[in-house]
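Below, chain A partners chain B and then partners chain C, in two separate complexes.
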Partner chain A sequence: MNKLLSSTFFRELLRVVVAVLIALGIGFIITLLVSDQPIEAYKAFLFGPLTKINRFGDWIEESITLTFLGLSVAIVFKANQFSLGQEGQMVLGALVSGSIALFVPLPAYLRIPLAIMAAMVVGFLWGWLPGYLKAHLNANEIVSTLMLNAIALLFYEWLLTYYIKPPTAGYTSSATFPAEGTLPTFFPALPFLADLRTLFMNQTNISIALYLVVIAVMVVYFLMFRTPFGYELRMVGANSKFARYGGIDVKKTIVLAFAVSGIFAGLAGSHLAMGIHHKLILNITYALGFEGIVVSLLASNNPLAVPFAALAYGYLRAGANIMERSSDMSREMVLVIQGIIILLVTAEKLMPMVQKRISSRKPGVRTGGDKTDDESVSGTTLAEGGD
Partner chain B sequence: MDFQVVLGSILSAGFIASVLRISTALILPALGGLISDLAGSINIALEGTMLVAAFTGVVVSAYTHSWVMGVLAGLLAGTLFSLLLAFANIYLGTNIILAGIALNIMAIGGTIFLLYTLTGDKGNSSTLASLKVPDIIIPLVKDIPFIGEVLSGYPVFVYLAFLLTWLVAVFLYRTRLGTHLRAVGENPEAAASVGINVNRIRIIAIGLSGFLAAMGGLYLSMAYLSLFQNAMTAGRGFIALAAVYLGGRKPWGTLLAAIIFGFAQALAINLGSLKIPSQLVQMIPYAATIIALVVYNLRQVAQARERARRFQEQHMAEMAASQAGSE
Partner chain C sequence: MTAIVDMRNIVKVYPNGVVANDGVNFTVEQGEIHALVGENGAGKSTLMKVLYGLEHRTSGEILVKEKPVNFRLPDDAIRTGVGMVHQNFMLVPSFTVAQNIVLGHEPTHRSLLDSHEAARVTQELAEKYGLRIDANAVTDSVNVGMRQRVEILKTLYRGAEILILDEPTAVLTPQETKELFLAVRALVKQGKTVIFITHKLREVKEISDRVTVMRNGRVMGTLPTSKATREGLARMMVGRDVLLTVDKPPTKRGQPVLRIDDLSYISETGRLALKGVKFNVYAGEILGVAGVEGNGQTELVEVLTGLRPATTGTAEIESKNVLRKEPRHVRLAGVAHIPEDRLTNGLALTASIDENLIVDRYFRPPFHKRMAIDYKEVLKQGEDLIEEYDIRTPNGKLPVSSLSGGNMQKVIVAREFSSRPALLIAAQPTRGIDVGATEFVRQQLVRLRTDGTAVLLVSADLAEVMSLSDRIIVMYEGQITGVFPDAASLPEEELGLYMLGLKRQDPAEMEAFL
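After this line comes the complex of A and B, so read on.
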C-alpha cells in the first residue's frame, strides 16, 4: 500500500519534472537562437533570483500571489469547471482593498482585516456570477469569465482614473497607502534579530501575507478533503452525472465552486495592492491572468502541492524579469515556456508513451508488461531508475 | 445636442460601413469556431490563432515586400498553429480546453517576444514597413450615393466573410464531408461505428477553423489596421465563440450574431464623442456578449421545456386514445 502510494506520487512528480525540464530546454534553444549572449541571459534566468536579497524578496512575494491564484484555480478545476475569471476577481479585490486602505479612517488592526475581508467578499461575488450562469443557464464559463474579466479591468481603470487618482498626480496611480493600510512585514519584532528584520524590511515587501497564505492552503485542503462541500466538489468533478444520481445538488456545488474560488483570487488582489505595490496602479494584474492555471496544473489541483508549484513557477517568473533587465531577451519568453508546460503536464498519453518506450528498451528489467498493468509496472521501474 | 450628433452618425452610411468592417474581424473566426464546434472540438485557441496569423502576415509582408506572400504565410502559420491543438488533443491526450488555453498563452507571449526581438519594441510593429491588402472598389456601384458607400471600397476580407458564410453553409449541409463532420460532433461513437474516421474529421475541422481564424487575424493587421499591436485581438476570438452559440450553431445565425457584436463595438467607438468615460463605453461589447449568452441559453431552456411539454401532451393523448379504443 505504502509502496503503491509512493509510486503514484513519484509518477506525478516525475511527470511534472519532465515537463518542466523539456520546457526549459526549449526555452534554452530559443535563447540560443535569439540572444547575442545566450549563456549570460539563461544564467540570469536560472540563477538570478538567488543573487540579491531584493530579488529573493521579489520571488517570495510573487510566489505568495501565485499560491493564492493556484488555490483559486485548484478549487474550480477540481469540480471540472474551466473558470478563467481569476484576473477579474483579483483586480476587483485589489480595488476594494486599496480603496479601504486609502480612504477608511480606521486604525491598522481594523482597517487591514476589513480590507482583506472586503476583497474576499468581492471575489466571492464576481465568481458567483459566472457560476450561476453556468449552473443554471449552461452559459459557457470560458466565454463568460473572460468577458467578466474585461469588464472588471475596465471598471478598475475607470474608478482609478476618475476617482482614486489624486488630481495632481502625473500618471495614473493612487496615492501611496498610509502605514495603516499596508500589510506589515512578516518578520517578527525580536530584539536579537533586529538587524535582519531591518534588512528584510528595507529590501523586500514580504509581508504577513506569508502567514495568510499558509493558512489559506490549509483551509483549502480542509475544505476539499474534510467537508461535505469538498466531497461534493470532487464528485461533481469526477463525474457530474453520477454525482447527481447520488443525490448531490450539482448546480449548487458548481455555483459554490466558482464563488469560493473567487475568494482566493480576491485575496491575491488584496496582496498585490496592500502587500506588494502599496498603491493602486494601472495594469496591476499585468501578466498574472492565467498564472494560477499553470500553478494548479503543476500541483495536480492538490492544495498542499500548490505552494511548492508556486515557488517553482514563481522562480521562473522572477528569473525571466531579471533576464529581461540584464540581457537582450524579453521576459515574454516565459509565457512560451508556460504554454509548453501546460501542454506537457496535461498530456495524458505522453507519459505512458514515454514509459512504454523506456520499458521496451530495457527488456531485462521487466518483460512482457503487455496491456493491462504495463503502465504501473513501467512507472515503478522508471521511478526507481530516476533515483 | 451631443446625443443627436451620435444618433445622426449612427444612421449614416459611414456607420453601416464601420459596422461591417468591425464585424468582419468577428465573422471570420466565428465561422471557424462554428466548424470545430459542430465537430465536437471546441476551439478555444481562435484568439491565439488570430494573433499568430496577424503577426506572421505583417512580418512576412514587410520582409518580402508582397502582401500576397504575407497573407499566404499568415494563413499557413494560423492553420499549422491550430493543428497543434488537434495534435495535442488527439495524440497527446491533452484536454482540448487546457490545450487551447496553453496555445493562447504561447501566442500572446510568442508574438510579443518575437516582436521585441525583431523591432526592439513590445508595443507595435510600426517600425516594420508592412503592407496592406488593397481595398476593392466596385466600378459604377461606387458612384451611387449611400449604396456606393455601403457596398464598395472594403478590403477583400469583408466580401470574403459573407461569401465564406455561404460556402461554410454549403460545406456543412450539402457535402459528404460536412455531414460526416456534424455526425462526429453529434455522436462520435455512432459515427465511428459506421466507418467514419473520427480523428481525421476532427483534424480537418480544427484545421479549417484555424484557417478561418487566421483570415480574421490577417484582416486585423493587414486591412483593418496596417500594423501589428501586442494582443491586438483583444478578446475577439472569444467573442467569436459567443457568436457561435448566440447564432444557434448555424452559419447564417453566426454571421448575424457576429454583426450584432460588431454593431455594439461600432456603437462604443461612436459614443466616444460623448462625454462618457471611454472605459465605460468599451465595456459595451463585453457586456453585450454576456447578455447574449444569457438570452441564448434562456431560449434553449425554454425550448427544451416546450419540447418536454409537447411530448407529454402527445403521450397523454395517445394513452387516452388507446384506453378509449380498448373499452
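After this line comes the complex of A and C, so read on.
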C-alpha cells in the first residue's frame, strides 16, 4: 500500500517536473530569440526570487494567496463543478476584511479575527449563490460565476471610489490600515533572532497568514478525505448518478461545495488586504483569481500538493516579474513561457506517452515477433482470477 | 476446410505488466461460426483486439488467408477483410442509418454526398444479407437490435469477410437475439466467417460450429460444438464444476413487505410508462417480473427506489410510504437496489472499492464517529466483504475501474446484501457478467430470500426469471397482464404469449394472486 502511494505520488511529481523542464527549455529558446542578453535575462528569471530578501518575500506572499485560491478551486473541482468565482469571492473578502480593519474600533486581537471571519463568511455566501443557481435552477456555473465576478469587482470599485477613499487622497485607495488592522509578521519574537526579525519585518510582508495557510491546507485535506461532507463531495464528483442512487443529497452537496470553496477565496482576499497591501487599492486582486485554477490543476486537485504547486507557480511569477524589470524581456514573453508550462502539465496524455517509451525499451518485454517460445514470458499472471 | 485466421503463440503483455494473452493459438476456418468463450478477463477481447489491430501483440504470428499480417490500425485489418462489431455501438446518433453505414466511404455525386445513392446501397446491402433495417430512419430513434444490425452492415459495407462480434447479445432481448442468429447464419451461407465472443453457453450451443474456451490468458481447448456440453464448457471456463441450475430450498412466505396500489408514472417525455400497477411482495419470496424490455420495468424499479417521482398511487414498505421520496429515505426504509445499469448508477468507477461499499452507510455508526468517517472501519468492512463476496482484487483501495465486470457486480451485490434489507430490488442482476459470477449472484439472491427477505427480481433473461422466482408477474405496456403464483410449473411458451401481449388475464381473476 505504501509502495503504491509513493509510486503514484512519484509519478505525479515526475509528471510536473518533466513538464516544467520542457517548458523552461522552450522558454530559454524563446528568450534566445527575443533578448539581446538572453543569459542575463534567463538568470534573472530562474534565480531572481532568491537574490534579495524583499524578492523572496514577494514570492512567499504571492504563494500564500495562490495556496488559498488553489484550495478553493480544488474543492469545487473535486465535486466536478467548474466554478470560476474565486476572483469575486476574493475581492469581496478583501473588501469586508479591509473595511473592518479600517473602521471597526476594536483591539487587534479582536479586530483581526473578526475581519478574517467576515472574509470567510462573505466568501461562503458569494460561493453559495452560484451553487444554489446551479443545483436548483440548473444555471451554468461558468456563466454565473463570471457574471458574479464582474458584479463583485465593480461593487468593490464603486464602494472604494465613493465611500472608502479619503476625500483628500490623490489616487483611488483607502487609507493605510492601522496596526490593529494588519496581520502581524510571521516571525516569532525571539530575543536572539531580533535582528533577523526586524529584517523580515522591514523588507517583507510575510505575515501570520503563513500559519493560516498551513492550517487551511490541513483543514481542507481533512474535510475532503475524512469527513462525510468530503465523501459526498468526492462521490458527486466521481459519478453524481451513483451518489444520488446511494442516497446522497446531490443538490445540497453541490451548493455546499461552491460555498465552502468560497471560504478559502475569501481568506485569500483578507490576506491581500491585511497581509500584503495594508490598504484597499484598485485592482487589488490583480486577476489572481484564475491562477488558482492553474495551481489546483498542477496539484491534481489534491490539497496536500496545493502549497507546493503554489510555491512553484508563485516562483515562476516572481521570476517573471524580476526578469521583466531587470532585462529587456517583456512580460508578455514571460506569460508565453507560463502558458507553455500550463499546457504541458495539464496535457494528461504526456505521461502515458513517456511511460510507454520507457516500458518499450525495457529488456524482457519483447516487441514484434522476434521470438516465438512462450516459455520466456512468465512470472506475471492476469490481474484478476490469477490466484 | 482452410484456416482463414491463424493466430500462433500470441503473447500480449500490457504496459502495466498484465499478461492478457499467454501463448495463445487460435484458428478459425473459412465459413464457420466460431464461438470464443471465457470469463470476463480471460483474454478473449484482448485476443480479438490484437487480431483487429486495436492492440499490438508482444510476440507471436498472425496469418489471415494464409498470409502473415501485421495490423497497426483497424484500417489495415478492414482492408484485409477483418471487421469487428463492438459491444458498445459506435454510431452517430443524429445521422440516418444509411449515413452511418457509409460513413468514411460515402458515395458522392459531384463531390457532394449522394444521400439517395447511400440509402439505395444500404438497402441493397441489407436485403442481400437479410439484415432488416430502415435506411432513412435517424439512428437515435431505432431500437438496439436495429442499431446492432447497422453496425454489422457498416462492417460488411467496408468489405469485411471475417466478422468479429463482441458479445453481441448482451444488449438484446430474446426476440432480437433470435433475429440476430438468423442473420448470422445467413451471413455464413454467403461465405462470411464469424467469430462470436460470448459467455452465454446456451448461445454457444445454439449458434456455433466450433468453440474455443479461454481462461487466464490461455486457450483451454477448441472443440466442435456438437461434442461440447454446457457443463463441460463451464468447467473449462471456470476451472471447477459450476452449478448451472440454482438449488432452491423451499421457503415460507411471510407478511407482505411491499404493497403497491394504483401506481402510475408519466415519463418526462409524456409517455404513460406505468398504468395502475398493483401488487405485493412478501417476505421470503422472490417475485419475478417477466416482460420484454421497455414495457415499464425500468420505470417501476426507479419509481420504487426514489430515482423518479411517481405520478399517482401508493407504495408502502412495512406501511411506510416510499413514493416521491429521496433515495436516502427509501434506503432507510429498508430497500436495497441492484440497478440495471451498474456503470451509470451502481458504482463510482474512479473511487475505491472500499468507498463504493459505504455509499449507503457512511453517515451512520460504526462508520461515522464524531465529525469524521472512521476509515479503519471502512477498511475493515472492505476486507470482510471482499472476502465474503469473493471480489477478486489485491485490496479494497484500488479503484473499481480496475475490476472485471463480474467483480464490479459483486461489489454492488456485497453492498446491497450487507445492508440487511427488508426488500431487495434486483434489476438485471446477472447481465453481462460471466458464468462464475452469475452462479454466485443467483445463489446469494436465493440465500437472501430463504433468510426471509422480500425480493423483487426484474430480468430480461427469461430463464433466470423462471428458475429463480417463486411467483411471476408479467408486464406488458406498463401494466401487469398476468400473475402466476406457481413459477415452477409454468411453461415458457405460455409466459411468452403474455410477454408479447397476445394473452392477458382478467384483473378480477388476478386480484387474488397479486
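Throughout what follows, the second predicted complex is superposed on the first by the 348 of 387 C-alpha atoms of A that agree within 3 Å, B and C clash if a C-alpha of one lies under 4 Å from a C-alpha of the other, contacts with A are read in each partner's own complex, and residues count from 1 in each chain.
Going forward, contacts are C-beta pairs under 8 Å (C-beta built on N, C-alpha and C of every residue); 3 or more make two chains touch, one makes a residue touch a chain.
Being a predicted model, the structure only gives us computed values, none of them experimental.
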item	value
Which of chain B and chain C A:238 touches, first, second, both or neither	second
First (chain B), second (chain C), both or neither touched by A:198	neither
First, second, both or neither for A:176, with chain B first and chain C second	neither
Partner chain in contact with A:283 - chain B first, chain C second, else both or neither	neither
Which superposed partner A:138 touches (first chain B, second chain C, both, neither)	first
Partner chain in contact with A:246 - chain B first, chain C second, else both or neither	second
Which superposed partner A:54 touches (first chain B, second chain C, both, neither)	neither
Which of chain B and chain C A:222 touches, first, second, both or neither	second
Overlap of the chain B and chain C footprints on chain A, listed as residue numbers	none
Residues of chain B defined as touching chain A within the complex	44, 88, 91-95, 97-99, 101-106, 108-110, 112-113, 116-117, 122, 235, 238-239, 241-242, 245, 277, 279-280, 282-283, 286-287, 289-290, 293-294, 297-298, 300-301
Interfacial residue positions of chain A with respect to chain C in the complex	1, 4, 222, 226-228, 231, 234-235, 238-239, 241-249, 355-356, 359, 365-374, 377, 380-387
Complex contact set, residues of chain A against chain B	30, 34, 82, 84, 133, 137-140, 142-144, 146-148, 150-151, 154-155, 157-158, 161-162, 290, 293, 297, 330, 332-336, 338-340, 342-343, 346-350
Chain C to chain A touching residues, read off their complex	8-9, 11, 13, 15, 17-20, 22-23, 39-43, 56-61, 70, 215-217, 305, 307, 326-328, 330-332, 337, 339, 344-351, 355, 358-360, 362-363, 368, 371-373, 375, 392-393, 395, 397, 402-404, 407
